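In what follows, structures are represented as structure tokens.
Shared between the two complexes below is chain A, which has chain B as its partner in the first and chain C in the second.
Right, the complex of A and B next:
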């Protein structure tokens, strides 16, 4: 089976060179053909997208754009739609994630892009979304209007299915021409989304493109970067800083780097009635996309002196992970991933031999591992792929100094705690650098309109043009009706 | 079913059903801790048979109704084999199954009941408590408790014995609920009359014939009949079963 990736307005398949990426095992081999554009093709495509977005997307109202996205998302939510069927069939092969996990994950994720959610999303950043359509009066006086970039370039990373939709939708909402570069790990979904958009709204079919180049192909990358007004990039700090060096200094560069997330569980969630459910929710956060997300937990800090001790909690969590392995089996690991995991396990095992306050649950051949530490221990990255550490603390406030070394990397904290504790802890965590707090069990499903890494998803993309009061007043003196 | 690398503790394993269970696990590759009370020679014979069958085994003397001896027993097993994956609570207080000479209700006082409750429940309670820390550490484990089909159908009313075994089933169900979220399963096997064993030595042919006649499969059980269901409940084949009681009596009881 061969599937074509990308979405290339103005180019036919024959005009483009294709490279084959191989996925799947012997039982379900899959070839994905990814487009390799020449510099000239890239440049022509950027021009096409720039002109189309000016002529078409920028003439639509924000409500019309929301309607278009809503129609596209409705198609991808319809399990009978050919693209949805394709996604359910092919994404498990490409990413290795369990098919059921992908199916449920896609629905849960795409639901956050329905019309009501998009409306919330827009007012989250623009008190008056009409500012995207026309000049609007400002509280300070004068008028202002927000303009999206002509070319917004997205450089996506990772293999969590559907993630590119997030920034692509953001770009559409601000009426930007969008060109996205898909990662080799999951090169398909963004192209399908673009295809569906073009089918539900042919008038904007040229306003976006989905391309690919091999990681490290700086020539191709530069060809696009120099056409861009705003560049959005995801990935590790190494690749982000390499991209930054190639982005022209006048181009706005928004980088989303790797993040570390964790959970905090109050003793209030650890009585004999609630502990098993808390463990279930916590295990779900670990299992979803095998900790590949920036929002996936690496450690759970658990309060001592509950009815269920942190060590008991680790045991409940271990069983929940074993249970989830039956429902959503972990994907097959690459050699590198298996090595990273084994290194982490080995390290925890050695430490547990040396201390009676530490332990490791799960065998080397288990699809999960739970390390347990009843001692002072800083936040640290897990071995990924369902490896998690439980760290006992006397009080949740004790977490704050333990996460300080990770200030620049912190993102999501899942919290199970009573209201007073939640707000008190959230303040301390916000100061420490945390940008998102969710319930345990919801860490991997940010709500619509969340501020990714504490930033404004839409505001960061636009430029505001202001008509100051003086211009307004001066114009009045020049009006034909002036006395 | 392959029990290689699995460690099984069987209480009361020097003879009868316990010995058969120990040997059956060993034949599937398990390391078996053979617990016994008095008959050290018999226990060593079982150990030898286990090794012969292809597993590993070692004998451990302990009175499982002695609450101080039980943690020592479990510790000794852990020191010898490193872990305990499976616990089979098979030991019970000696009881003679003699229908013609059994005690009637008005001949029994509470001490008879207490003796049997200690034999069935005190021992199981102590063993379960003692092995759980190791099982919990690894978030896995299987406990199989040996009850009797008399609980469901008291063909002969052995009041004290059967009441104690009924309590054992209730105990097992509650424990199953508590340890389910920790990955530890608890089930019971309820045999019918098993012959030959020490307890059934004096059972008359007429009784055996009477039970056989009422049993769909037409005979009474041998110790080897009990081992299959015990191994099943200890294996991943029953990985989604807990709190259950399997009747192993040729269909005498159907539930």
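Right, the complex of A and C next:
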């Protein structure tokens, strides 16, 4: 089976060179043909997208654009739609994630892009979304209008399905011409989304493109970067800083790096009734996408002196992980991933020899591991792929010094605590660098309009043009009706 | 068994005649097993953290039937645990890892005597690097043992110089790095006299050297019989070169064909080294002398992967007697008919998504 990736307005398949990426095992081999554009093709396409976004996208109102996205998302939510079927069939092969987990994940995720959600998303960043359509009066006086970039370049990374959609939708909402570069780990979904958009709204079919180049192909990358007004990039700090070095200084560069997330569980959530449910929710956060997301937990800090001790909670969690393994088995690991997981597990095992306050649950055959630490322990990343650490604390406030050194790396904290504790802790966590707080069990499903890594996702993309009061007043003196 | 008995047994085993020097035909499995299991019993008895580890893994000398049953200690354990059969303060020498990862904690290997290490090194080196001659003019691109007393490589190279170097051999280093003028004069001399020359150093030492030669527009055509020795990879010490690129540049820069460029694969956590038969094809096949054996395993289950598939390397080195003999590395490899193909640290360190992996976290947290 061969599937073509990308979305290339103005180019036919024959005009483009294709490279083959291989996925799947012997039982379900899959070839994905990814496009390799020449510099001239890349340049011509950028020009096409630039012109089309000016002529078409930028003439639509924000509510028309929201309607278009809503129609595209409705199709992808429809399990009978051919693209949806393709996604359900092929994404598990490409990413290795369990098919049922992908199906549920896609629905849960795409739901956050329906019309009402998009409207919320827009007002999160623009108190008056009409500022995207026309000059609007400002509280300070004068008028202002927000303009999206002609070319917004997205450099996506990773294999968590659907992530590019979020970035592409942001670009569309600000009426940008979009060119997205898909990662080799999951090169397909963004192209399908673009295809569906072009089918529901042919008038904007040339306003976006989905391309590919091999990681490290700096020539190809530079060809696009120099055409861009704004560059959005995702990835590890190494690749982000390499991209930054190539972005022209006059181009806005927005980088989203890898992050670490964790959970905090108050003793209030640890009575005999609630503890099992808390553990179930916590396990769900670990299992979803096998901890590959920036919002995935690596550690759960658990309060002592509840009805259920942190150590028992570790057992509950282990039990839930074992149960989930039957429902959503972990994907097959590469040897490098297995090595990393083994290194983490062996490390925890060896530390447990030296201390009776440490332990490791799960044997070599388990698809998961739970480490337990009843001692002072800093936040640290897990071995990924369902490895999680429980760290006991006297009070949730004790977490703050344990995460302080890692301010720039923090993202989500899942919290199970009563309201007073939630708000008090959230303040301390915000100061420490945390940007998102969710319920346990919701860590991997950010709500529509969330501020990714604490940023204004739409506002960061636009430029504001202001008509100051003086211009207004001066214009008045020149009006034909002036006295 | 006492330490003295162990040492005596090992020295005899290393010195034993081994008709066919190549990996496949090393000392018979039985002879190897016998020594390995005695060593396991010795380490189990005298090395408490190792005993705990073995018990935890459900492997004890009573149940082990072959060297393959001895639990492999992950190399990270050398950072967390004091693994030594003799009291650590009795060690004649402590070799330490470079400590570039895991927050600068360095793994330690305690040696109550270097007699076994030295016997292992000299016999292996002879077999793989000097099969055709006893001594050679040698230039070493690495600091001396005096400067780096905890570096096993510094000791290794000092042994190479003492046992296999001619009187015209020496270190080609000065305070600020490689002594380029002296080295280039020596290479000129070798080229003119037609005397074979050997250059030995860390892989990363050769990178600035090649750069300097390029800057000066120099290249050499060393006489036939000359050879190159590199080890250790680039480890962020120099710019990273692909293996083919590296050996092409060595061959072009010194006139030594790639099949005479030998790469040694060793670790602080071992007392025996692996070598290839030159690097005409990369990655090369590595093998070791008859007192070391390797397995390729799935690191999670500890089971051997099917022949020809990629896994993680486990080495059982009888010469590493005081610490633990069987270690689980972080290196990926594939078993071949006559050894293994070393694939280096398997990638996967970076998560597939936007989650942060340990290595990146440590780097970012240190920055």
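By definition in this document, the second predicted complex is superposed on the first by the 483 of 483 C-alpha atoms of A that agree within 3 Å, B and C clash if a C-alpha of one lies under 4 Å from a C-alpha of the other, contacts with A are read in each partner's own complex, and residues count from 1 in each chain.
Operating definition for what follows: a contact is a pair of C-beta atoms (placed from the backbone, for glycine too) under 8 Å apart; a residue touches a chain by one contact, two chains touch by 3 or more.
Since the structure is predicted, the reported quantities are computational estimates derived from the model, not experimental observations.
Enquirer: Here chain A is shared; do chain B and chain C fit on it together or clash?
Expert: Verdict on chain A: chain B and chain C fit.
Enquirer: For A:361, select first, second, both or neither according to whether it touches chain B, chain C, the two together, or no partner.
Expert: The first partner, chain B, only.
Enquirer: Could you say whether A:276 touches chain B, chain C, both of them, or neither, answering first, second, both or neither?
Expert: In the superposition, A:276 contacts chain B only.
Enquirer: Between chain B and chain C, what opening angle does the Cα centre of chain A see in the overlaid model, nearest 10 degrees?
Expert: Roughly 70 degrees separate the directions to chain B and chain C.
Enquirer: Check the residue A:318 against both partner chains and state whether it touches chain B (first), chain C (second), both, or neither.
Expert: first
Enquirer: Applying the document's definition of touching, compare chain B and chain C: which contacts more of chain A?
Expert: The partner with more contacted residues on chain A is C.
Enquirer: In the superposed arrangement, does A:7 touch chain B (first), chain C (second), both or neither?
Expert: Neither partner.
Enquirer: On the A-aligned overlay, A:236 touches which partner chain: chain B = first, chain C = second, or both, or neither?
Expert: second
Enquirer: Of all C-alpha distances between chain B and chain C after superposition, which is the least, in Å?
Expert: 8
Enquirer: Report the residues of chain C in contact with chain A in the complex, numbered from low to high.
Expert: For this pair, the touching residues of chain C are 49, 52-53, 56, 74, 76-77, 80-81, 298-302, 310-312, 328, 330, 332, 346-358, 360-361, 363-365.
Enquirer: Quick one: in the complex, what on chain A touches chain C?
Expert: Those in contact with chain C are residues 95, 157-160, 163, 185, 234-238, 256-260, 289, 291-294, 296, 298, 333-347, 349-351, 353-354, 364-365, 380-381, 383-384, 405-406, 408-409.
Enquirer: Please output the residues of chain B touching chain A within their complex, sorted ascending.
Expert: Contact set of chain B toward chain A: 136-140, 181-183.
Enquirer: Which residues of chain A touch chain B once you look at their complex with the stated criterion?
Expert: 276, 279, 312, 315-316, 318-320, 322, 359, 361-363, 370
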